[in-house]
Amino acid sequence: YNLAPKPTPEKAKAGKLPGVPSEPLKIGGMWFISGKFGTYGDMAKKALNMAVEEINSSGGILGRKVEVTLKDEADRENVLKNIRKMVEEEGAEFLIGIDSSGDVLKLTPVVENELHVVTIITHAATPKLTACNNLHYMFRISMYEEPIDIAAAKLVAEKFKDVKKIASIGPDYAYGYDSWAIFSNALKKLLPDVTWMEPMYSKLGTEDFSTYIDKMLSYGPDLVFSSLWGGDAATFVKQANSKGLFDSIKYYLNPMLGATDTLKAIGDGNVPAKAEVWGSGRYWFLYPPHDVYPLNKNFVNKFKSKYGEYPPYVSATSYTAIYALKAAIEKAYVAKGAWPSQDDVVAALEGLAIAGPMGPVAIRNEDHQGVYSVFWGKLKRGAPNYPHPILDDLQIFDFGEVFPAPKQTYVKCG
Amino acid sequence: MQSESEEVSFEQIAIAVGIILLALVPLAGRHMTHLVASALLLSLAATSFNLLFGYTGLLSFGHALFWGVGGYTLAVMMSRFGLGYVESFVMAVIMSAVFGAVIGFLCVRHTRIYFAILTLAFGQMFYGVAVKWDFLGGSDGIYGLPRPFNTLELYYYVILAITLASLFILYKITRSSLGLSFMAVRDNAFRAKFIGLDVSRVRLTSFIISSIFSGVAGALYVLLETAISPETMLWTHSAEFVFVTLLGGPRVFLGPLVGGFIYSFLADVAMSATEYWLLVIGVVLVAIVLFFPHGVLGYFLKWREKR
Amino acid sequence: MKALETRNLRKYFGNVRAVDGVSIHVDQGEIVSLVGPNGAGKTTLLNLISGLIKPDSGEVYLMGEDITGKSPNQLVSKGLARCFQISNVFEDLTVLENLLVAIHSISGTISMTKRLDDSEAVEKAMKILKEFNLDVKAHLTPKELSHGDRKLLDVAIAYSLNPKVILLDEPTAAMSYREKKTTVGVIKKLRDQLRVTVLLVEHDLDVVYEVSDRIVVMHQGQILSVGTPEEVREDPKVKEVYLG
Amino acid sequence: MIAKLEDVVVEIKGVTVLRGVNLEVREGEAVALIGRNGAGKTTTIKTIMGLLRPKSGRVYLLDEDVTQKPAHERANMGIGYVPEGRRIIPDLTALENLEIAYGGKVPEDLLEWVLQFVPDLKRFLDRKGLYLSGGEQQMLAIARGLIRKPKLLLLDEPLEGLAPKITAIVTKTLKQIRDEGFSMLISESGIVKRLEGLATKAYGIDRGEIVYEGSLEGILSDEKARSRIWGV
Amino acid sequence: MDPGLILVQTFNGLVYSSILFLVSSGLTLIYGIMRVLNLAHGSLYMVGAYLGITVVLYLMSGTPLGYLLAFLAVPPLTGLLGAALERGLIRRTYEMGEEYQLLLTFGLILIFDDLVKMIWGPAYINFPDPNAFLGGFRFGEYKIPVYHILLIALGFSVFLVLWAFFSKTFTGKVMRAAAQDSEVVEAMGVDVSKIFVYSFFLGSLLSGLGGISAGPLYTASPGMGTDIIVYSFAVIVIGGMGSVPGALAGSLIVGVFRSLAIAFYPQMEIVVVFVIMALVLLVKPTGLFGAPEFERR
């Protein structure tokens, strides 16, 4: 469906630039819209609406209005067909989105070898995308899992030196396995003496974690590392709380917990009293701090007043993706004097630095990965002014510390 | 009432026009080509499913399994063993037959809901295997397969040719004495024993043929989509075969084909139009049951007969 | 020669002695009727002979061959066909197709390359339909047939299997006067012109007396009396438990 | 009057099956409905029972217009039904089949009363319907129709598949019931003779139309009536 | 292996079994007794959970009273919804084949998923944890939450009530009879259409009870009814269609084996239920407590 653009103000229309086509610029987006993970599409849509409105009311991109069409990633058998449709039939000139790592890997050869359109990934987090491919048309603006997990290892090594036994749980697919591999390998270098429980994996959308929780209890860890996300992350915390896991462990780390959707679902009532619960993510609405970084403040306030909630990370990354495209196109236009080709936009995106709600993001030349700093924060309940628990005691890891060099990864390619 | 010969010629004209239109599809652009190609494959799978359901009376709720077997075999042969298109495709056909034989052997002793649930169980089991087994690419599946001839248009003609040939073979089967034995078993398995039919064997034969052509559709789809993932074997995909068939009409040979096209275009349009596209499909399904229980094509033929 | 013979057949359902040591035989070319009170075990006996259920003990012989415990579809190829108490045909196939599937099945021509309307088979089917006066209804489905014609179709299917022996279970039940007459004619034709041996279960004594060479009377799972129609009609035991 | 059909037209799946049937059953009468297969007997009986609704015309039971009443309410007015093909619930025992019709546990004396009509039933009261022989099912069906001592008993070919001795017993029973003042409507397609002495009145039906009204003996003796009912 | 762990894991399995039983007993009632294949049964479970959230979280802001209210109010509401579906839609398919019921109710799943999304939003929502006020017992290094114990008790009591209802009461028998030959039973003076509505009401009530019971443990999201319906079908096939004791046995087997598989053979998790089901069907085609299908003679 279309996120219909708001009418363009007259003055923007008047200033038509030479070499710029007059028809609207179409961008194709894909996220989960229906089903269990439909909330991600919803978050993306909200941010896109905002971005499109802002851009169009100030004259569009080089005078072209922006239109975004969305397709549902939940139509599992037809992901690539639907992507192709947006480009070949609906005339999308650029693509953004993609939630699932599996889909992003499938999509890569199609975009690179067949469609040849600039594609900005806003969610899927597998290191393989940027580390194992020689990307030309594809970029990832969102933080991926590796820096967050490496930061987690640093956090443990620096702050929780007393850790002896570690247990882990993750979703039962590539992301879960990779996440554990990265964290454990990174941590083994820093704290070689810890012992590890055989990692556990639960299928996506698991309802009942009791079995996993009791298995952890039988091992008796003092730290649990969990890469569960979304509803699973919330369910786990709630059930672990009532099954007493947080009474016997000291630390609980989840690289995906710092998502407002998850925190909202956890609710103040389920924040454990005893153990320290730490979370991270691709964006945290209170970071960079509003007083020093007004862009984030404006984004958060606008989002809050428009939708009545604090922006989740997918909203921030999708929002940034549109602005990254805008910046790249404008940069390329300045260089060329005409509407840029796909390759021109690629060239403009490489090395581009763009200010997003999550802070300045630099897109690396070598692997097309957007880099920015990583946060870890401690879960705090009953924060005044917020309807859900928030992250407190933020630990910031500069991207230089935690991003592997381009094309390097703990995960096996291929 | 029209005379018999006129009726035949009407159908022949309709089919001829249909084939010509299908041959012209690439003129309508890449997306249309893609859409029609995938509609053809869905239709082929549904038609082969319907050999088992409409003709033999067994409702399989796990038929996407064979789509997956065909698809995964092709993908594995190409990506892991480096076989060519033709060899991989032949292997896909063989594996679909082998899986059909083994799973069919275990399932055909059951009928009705038990058969449906048992086939569903096998489908889910193999979904589980595909998710867990790295050799099959695990949850990511296998991707980045090169399309034959490197152009969509030429590959479309491959799909069109193989689909039409498969449909022709399936049609011939339904008009053969074997097809007749399927229908006899469907109508009255009890009596079928007393005319000397080995009911289990008849059912198994139908099951194997049906899995082979579902496998063919799956194998062809892999190269159209250029990837395959475990979700293709989930029961919701199997359910798609069922309702595509019912949508078109299970008692008419071309019913699943009509249903496949209607469904594919409906989903395509609905998704572009609204975020609640599944709701649209749901409403259509409910309406079909309430107002066109014989399927769209079945209804059309009835209506024409009445005139 | 004995076309069909049972030796000491026995089948109990829990404490119900449905068939309790039954030895009967039917000679080639004979029509034997099996009569008896309701619940005597007639249908059960047919079920045992035709392989639908397995006997607790005893044997069944067809043309001298032991066929005990063989499945119905195996028995069909050996020349044993049966019809059912409630007419039991292929509802969504046409009358012609009902016969064609039987003909293909018995002549082993079930294959995906054999057209279902193979001309040889169609010819044979139409010939049989003519025998049963059903040829004009060849393209109707059984739903469109009268009750009597459905029953006839049931018999025609059995006949198209080239049987040596046909088992008929109440073929004239719920038939009107005229239909009964047709059916009686067909049963006689089976014996006289088509050389088929018939074992018939029937409650309508007019029919039984008219067609039978011999009558077997069952009672409580056992043979009460055997003889010609005249003998049985006069048998006091039969009068008491069956005729009343 | 117990039951009356007035110009009843019934359609089944778009096909007109009854074309203006008029028929009446009076108190204490045993009315025979004679017709060949497919003539419309079952349809007539189901229409009286309320299992089919007429397209036009009226149905009266016990002097009340019941055209719009559902079947279960008619049953509760005192209409008993012995369906064609017996329709015994296969999963329940014979006794439980009776209980369903009675609407609860059958009192001892009532069971006795029914068993006097079909004494053989005693043998298999606790056997599942599925396992009953054809004739046993028929006896049970009759008992089930009688269990609530209905004012009108509808019997759809009740003698089908019964051994001659049982046929005689059942007709005698039905006579007894009739003489006790119950009314009944009995359909028959085959041997009209066996209703002799039972039916006090007969209708002949063919292709959904009443083609004969008179005595049963009339049918047996009159060749013309017979040819009308069974066609020539 | 640690015997204490086996014990708690079995207990965990029992909790899951209870929820499965609540849902699948409703399904077995509707399918096994009425021969109606209701794929949308899982949607009523979902609706039960969402209604529960509305009462507990939005109306009563997480207080214990909210739970009490939800348990009393939600199941009858889903029951009514089920009855309305029967009256309005499903009833029209009785004359058609099972496959049409399947198609119709599959359509209903899609409709329900999107309606829930429209009403309650696409985001997953959590109940506040009832153990916050119920607490739990220590068992070695493990903890047994009181709510879990209550769930097992609930499942078992519902079983007793249903079992008594169907085997001991006359209404139960009538329901069974009506399923087999509704026309005759109607002619015997039973208002069959009412019986069908009651069965649907009861079956849907049980599904909703499953939803409100499971809700506080799990997380609600649109589409949450799909897993449970597949598992419930497995349960009633294993136990035997239409058998309430069968539904119990099936739930126990599925719940406990799944739990033990996760604990000790995690790679089996996804497939274990289906393997059990296939094995049971291959050995005993009608399920553990199922009666043989009737074959005509």
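Per-chain numbering from 1; labels A, B, C, D and E assigned in written order.
Just so we're on the same page, contacts are C-beta pairs under 8 Å (C-beta built on N, C-alpha and C of every residue); 3 or more make two chains touch, one makes a residue touch a chain.
All values derive from a computational prediction rather than experimental measurement.
S.K.: Could you tell me the least number of steps, going only between chains that touch, from subunit A to subunit E?
M.R.: Shortest path length, in steps: 1.
S.K.: Could you find the chain whose CA centre sits the greatest distance from that of subunit E?
M.R.: C
S.K.: Measure off the straight-line distance from the CA centroid of subunit A to the CA centroid of subunit B, and report it in whole Å.
M.R.: Those two chain centres are 38 Å apart.
S.K.: Distance between subunit C and subunit E based on Cα centroids, please, to the nearest Å.
M.R.: Chain centres of subunit C and subunit E, defined by C-alpha means, are spaced 49 Å apart.
S.K.: Return the distance between the CA-based centres of subunit B and subunit D, expressed in whole Å.
M.R.: 50
S.K.: If you average the CA atoms of subunit D and of subunit E, how far apart do the two points sit, in angstrom?
M.R.: 43
S.K.: Listing for subunit C: what residues touch at least two other chains?
M.R.: Residues 43, 84-86, 88.
S.K.: At least two partner chains per residue is the criterion; list those residues in subunit A.
M.R.: Each of 34, 41, 172 in subunit A touches at least two other chains.
S.K.: Can you tell me which residues of subunit D touch two or more of the remaining chains?
M.R.: Touching at least two other chains: none.
S.K.: In their shared complex, at which residues does subunit C touch subunit D?
M.R.: The contact residues of subunit C facing subunit D are 13, 16, 35-40, 43, 85-86, 146-148, 170, 172-180, 203-206, 241-244.
S.K.: For a test of understanding, state which residues of subunit C touch subunit B in their complex under the given definition.
M.R.: That would be residues 50, 71-73, 76-77, 81-82, 84, 88-93, 97, 100-102, 104-106, 109-118, 121, 157-158, 161 of subunit C.
S.K.: Within the complex, which stretch of subunit B touches subunit A?
M.R.: Touching subunit A from subunit B are residues 29-32, 34-35, 38, 131, 138-141, 143-144, 224-227, 229, 231-232, 234, 237, 267-268, 271-278.
S.K.: Applying the document's contact rule, which stretches of subunit D touch subunit E when the two form their complex?
M.R.: 49-51, 70-72, 75-76, 81, 83, 87, 89-92, 96-97, 99-101, 103-105, 130, 144, 148
S.K.: In their complex, what parts of subunit E are in touch with subunit B?
M.R.: 31, 37, 89, 92-93, 96, 98-100, 102-104, 106-111, 113-115, 117-118, 226, 230, 233-234, 237, 241, 267, 270-271, 274-275, 277-278, 281-282, 285-286, 293, 295-296
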